[in-house]
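One chain, subunit A, appears in both complexes that follow, with subunit B as partner in the first and subunit C in the second.
And then the complex of A and B:
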């Protein structure tokens, strides 16, 4: 039920998630942050059942930290994406089974190049410029394809995300009143509520 | 669309020519009916004279490719020489059989040139090698898995366009036509195509336009 969608601009990436947490017919929470900050320049939006989502994002976050402490430097975007893919791919044939969650990884490398990666629970990895996980895809991929162009500036990117949120709120059966949006640039990660 | 091989979609095809060999693939990566990206890599250059094409489940395409890179690199380091295409073809088969009871859901095609002669091999997901035909197909536009349907398949297109001993230019054209015809009729394949033609001298890559659906 989680909606995670993202877009890449000229020098930034934006990942947005809905805030609702449901339990059968009940909405427990409407402002749950499903985008974990992995580093000062990368974020991971995870979609799936609550426990799997929390568990997996924490697992990735802590393991990336471990690599940072052991080797002395943090991984770049491509390496992080492949690391996460490896964890997913290893898990599917393991005793404990697959990680039942899908992710979108977004961030900006030290040299200023933004990148966005789509990963599914089986371990398929794709570098994307715009994308969505979950039901959001059915509503938003067409819209994102239509609105996207190369080298979007930040205002244009946020406008597109606003259009996406409006689309979800209009047409998706499950009401998603609040969306958490994280904007990652070379220097900072900003969070806004839309 | 059921079945783990059809989950992500995609088609690949290989064809032998006169002292050249070609591999073609589509570019779609989807989740059943939904298309996620239109630039998913399915053909990998393992060595100057070896190409590996993989169809099937996307995660296993990426994992199996990484595994083959690893084994090939280790071979290069240990033996201090390049691997022959026929050896690589054998390596793919044994690597698949290593996972006999928990297989990789991939349909590989290996294409190579060994002393000028083309090597083309295709496998099922557990390593049964088929290397006698002049062309091989894999993925959803072939009729391997969908036995219930009379499938619009690349097989038909290949059979009608193929001639023995084609030159590299002719081979590229024939394979392009076969891939495009096959993919245009298959909902799970398409969104562009790539044809890799390997000769003694080089590998050329041509991008094809298919029906954008």
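And then the complex of A and C:
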């Protein structure tokens, strides 16, 4: 039910998520932040049921912290993506079972290169320039493919995200009124509400 | 279950010699100093290059345990690394379970508890280090704790460990006062170390722990401070 979608620009990535949390026919909350900040230059948008979403993102966050303090530096984007993928892959055939959630990892390395990764609960990992998790894919992949071009600047990127949000609000059966958008650049992570 | 593999056992007159020998190892270790200021804690430690070929810059004796928590030590280098790594795991584990950062005294108690466990463990010896753990309980609440091989843990305003620790502690007792600024705390730490360390920035590592994060002084800054003495 969660919509997570993302796009990569020239020197930034944007990940957006819907804010709604549902329970049966009820909408409990409409501004839940499903994008966890892992570091000062990477974020992880996770889609799945509440507990799995929270547990998984916190688990990844604390393990990445541990690696950061143990080794003295934080992992880069590619390493982080593969680390998360490995956690998914180990869990899938474990006693405790798979992590019932899918994610999109986005961030900008120290040298300024942005990257976006699509991961799912089976342990698949794919580097992407635009993508989505959940039902959002059905509605937005076409739109994202259409609008995307190489080296988008920040304004163009935000415009595309706005178009995506409009599409979801118009066509998706489940009403998702508020979207949290996180913009990651080399220097900062900005959050806006759309 | 084998109940006969204990190494640390009582002597007839009630002493745990292994623990006392471990404290001897600490007393022989290189000096380390901790000074609490108004809103910083400064840790300083003596480094020794075993040969001119060794790159002293790469010896790190102040371990960052969390974003605003640091630990330094006197004693066996490798033991410190192990204890620091275990404590780092505990920091993250606490955050995973309780969301908030652990208090400094929680981490100090955890560290000292680990050290105590090894005085009652089969087949293992105690850790040969005493540690200084520096951090914050809140924005204006800096804290330093000291642990030792017996598992004792106590809070300090300023302290020193290792070789000539007593001498440095006397110096700190005379010169420490409440509410030191960052610059004054750094100066006091460096002066206290300079008393016992051979001069030259190659031999000192200094770290300032503030509520927002940790800052290791660069070679140039330490050079300037030591030259000014």
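Going forward, the second predicted complex is superposed on the first by the 194 of 194 C-alpha atoms of A that agree within 3 Å, B and C clash if a C-alpha of one lies under 4 Å from a C-alpha of the other, contacts with A are read in each partner's own complex, and residues count from 1 in each chain.
As a convention for this text, a residue touches a chain if its C-beta (ideal position, glycine included) is under 8 Å from a C-beta of that chain, and two chains touch if they have at least 3 such contacts.
Only a predicted model underlies this, so the values are computations on that prediction, with no experimental measurement involved.
S.K.: Using the touch criterion from the header, give the chain among subunit B and subunit C with more contacted residues in subunit A.
M.R.: Counting residues of subunit A touched by each partner, the higher count goes to B.
S.K.: Check the residue A:66 against both partner chains and state whether it touches subunit B (first), subunit C (second), both, or neither.
M.R.: A:66 sits against subunit C, while subunit B stays out of touch.
S.K.: Once the shared chain is lined up, is A:177 touching subunit B (first), subunit C (second), both, or neither of them?
M.R.: neither
S.K.: Mind working out whether A:153 is in touch with subunit B, subunit C, both or neither, as first, second, both or neither?
M.R.: neither
S.K.: So in the superposed three-chain picture, is A:191 touching just subunit B, just subunit C, both, or none of them (first/second/both/neither)?
M.R.: neither
S.K.: So in the superposed three-chain picture, is A:94 touching just subunit B, just subunit C, both, or none of them (first/second/both/neither)?
M.R.: neither
S.K.: Thinking of the overlay built on chain A, is A:123 touched by subunit B (first), by subunit C (second), by both, or by neither?
M.R.: first
S.K.: Looking at the overlay, what does A:141 touch: subunit B (first), subunit C (second), both, or neither?
M.R.: A:141: touches subunit B, not subunit C.
S.K.: Examine A:85 and indicate which partner it touches, taking first as subunit B and second as subunit C; both and neither are also allowed.
M.R.: In the superposition, A:85 touches subunit B alone.
S.K.: Help me check something: in the complex, which residues belonging to subunit B touch subunit A?
M.R.: Answer in residue numbers: 8, 29, 31, 34-37, 40, 57-59, 62-63, 102.
S.K.: Inside the complex, what are the residues of subunit A that reach subunit C?
M.R.: Spelled out, the residues of subunit A in touch with subunit C are 58-59, 62-63, 65-66, 69-70, 72.
S.K.: Enumerate the contact residues on subunit C facing subunit A in the complex.
M.R.: 60, 64-66, 85, 88-89, 91-93, 95-96
S.K.: Taking the touch rule as given, give the residues of subunit A at its contact with subunit B in the complex, in rising order.
M.R.: Going by the criterion above, the answer is residues 85, 88-89, 92-93, 118, 120, 122-126, 128, 131, 137-138, 141.
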